[in-house]
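Shown next, in structure tokens, is the structure this report addresses.
When the chains are written out, they are named A, B, C, D and E in that same order, and each has its own residue count from 1.
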């Protein structure tokens, strides 16, 4: 098994290092890292990690800015990551932390670390323990900030 | 025949369980379940269910959040699901319940349950009874909330 | 020659019936009908009509709602229909009637009927009389509401 | 060499005729014309001109309306034209004139004529004189309205 | 090794020349230049540079206008460039300078020059020194304007 880590020089936090550290903490697996300038370079980097370097799953790490133009970049990158997955039948777990998701730099760094770590755990689950994923289905998991948790079951509760 | 169920840990209601329960209630068919972190992971999960696990149709279940960013995620996921269908010539029935579609958690749970159940019935119709679908053509069917119903025929009524 | 008709149970007017009636009125041709739940299911339905049931052209009929979310659905469906055409080198004529295009239900039904009928005529022209299409080039044709008509030629008229 | 002209019956100006006239004025080349109902039908028409009728380059001519919905149509058509180019490794020069680009019908007709003519010249340059294109690189060329022209070089001018 | 340079006649600054000059200053490598009318013509130009002229990496240089319509063009071009990369497993480094990114023409020219030069350095790193890219991961690199720089590490700093 081999896990690919695609990250950027644009990001203001070393999410690649955080991902590798968490993966190594939990499992013994080969890791390939590939750094590109920005998030729009991630789709082809992830696809190359899969097709040219034999990765079984990839994490695509990035930190889009807060401007309107940056949101469009993130949209283009996300769409490209989905296309790359469909072309390879391989998961690419997108870990994007938007600069406007945190009130200050300290929290932003914390969020980038936490979201990366929790998605690294998702990657390990998808690769080794798919049944653990299914046990978490519909439970309102979030990566970084607090989990939303499951809502109460309906079926009889609403008169709608 | 085999039906695939792709769902997420992000959702706050166990839509996967609801789908499986309804399908089993109506028909005897093999079911494959595949749980991923979020809705943007659904397109490749659905494609893998079709191409690697032999599913003849897939339900893609998810619960996008209410923020602007979540709506963009839903758009990206939906576009990916359409691409996955075109690449496989296989239906993937998208069942998304947006968090802002219901006024409170109870109704949201009820809506998630009902929409899943009614789309499970669509899946069964598409797979076994396509003629039943055609009998419902143009009748304003909705999944979850009340049907809109057919409108009055025109052709002579309007002087527009 | 075979014409495919893809329509939905979501639509509130039986556009599929209107299309078939108009086609049969004008030409003798084989028709395949395929009904799906909503407009996002139309791209793969159209592609299956072309690749699995041998249709030479397809009409994709739908009636998107008036909400913002419905407009996004229509955008995703339209993009998918264009992709399906490019993958098959075959025309899929999109006939969408947006619920907010008409002031009341009666006019909406009339519009759905008229737009379907006029696009059925386009389908017949594309299939049998491409020269008739070219004679209409640049003449401001509309389907349903009144034609916009051609504008006056420029080249000398403006001092811009 | 063969040039394809894809145009629409929706447009209110005969851009196809304008394109053919300008091409014939400058070079002796085979021309194939293909008229479709609207701009969303242009991508597959252009692809068919390339793959089924042997065109080496295509002009895709259209006139989107001024409403919000029309802008979305133009976006979908443009995206499809780019996909068609990538699938064929062949240029499709998009010539769209938006109805709200001109203050009145006369100017709109003038603009449709001029933009088509100037893009026909681009098509000829791309096909026969690529070096002429490169000599115009970075010079602020516009098609229809006045050229923007080159801006002054920087590198030393700004203290930013 | 061969580097492709795709640029436009629409741009108001000769970004192609700036890119070639910087590349030649640093390395000895074959360069192919391909000029097209506008940014929406860049995706197929870049793909042709890769598949027909043997380029190992491409720079796609453009200068979108400030209007809403221009932003949509940039979005379509960017999406196409990502698709072209996925179809070729080859990097295409997008260098777009939006006209509204600078307060005046002088600064705009300066920005176009600087962003092109800094991205030319990225291209060289990706091609020859991928390890140098990884050393810059997560350091907040920007092309043109000042680098944002890395933010302080979290993990313990926030009580969120």
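Methods note: contacts are C-beta pairs under 8 Å (C-beta built on N, C-alpha and C of every residue); 3 or more make two chains touch, one makes a residue touch a chain.
Because the structure is predicted, anything quoted here is derived from the model rather than measured.
Minimum number of contact steps separating chain A from chain E: 1.
In a homomeric contact, the two copies may use the same or different surfaces; for chain C and chain D, under half of the interface residue numbers are shared, pointing to different surfaces. Each chain gets a centre from the mean of its Cα atoms; for chain B and chain C, those two points are 24 Å apart. Inter-chain centre distance (chain A to chain C, centres taken as mean C-alpha positions): 40 Å.
Under the contact definition stated at the top, the residues of chain D that touch 2 or more other chains are 79, 83. Order of chains round the ring, counted from chain D and going first to chain E: D, E, A, B, C. Of all residues in chain A, only 71, 75, 78-79, 81-83, 85-86, 89-94, 98, 119, 122, 126, 130, 133-134, 136-143, 148-155, 157-158, 160 touch chain B in the complex they form. Chain E makes touch with chain D in their complex at residues 7-17, 33-37, 40-41, 43-45, 47-48, 51-52, 69, 72-73, 76-77, 79-80, 83-84, 87, 105-114, 145.
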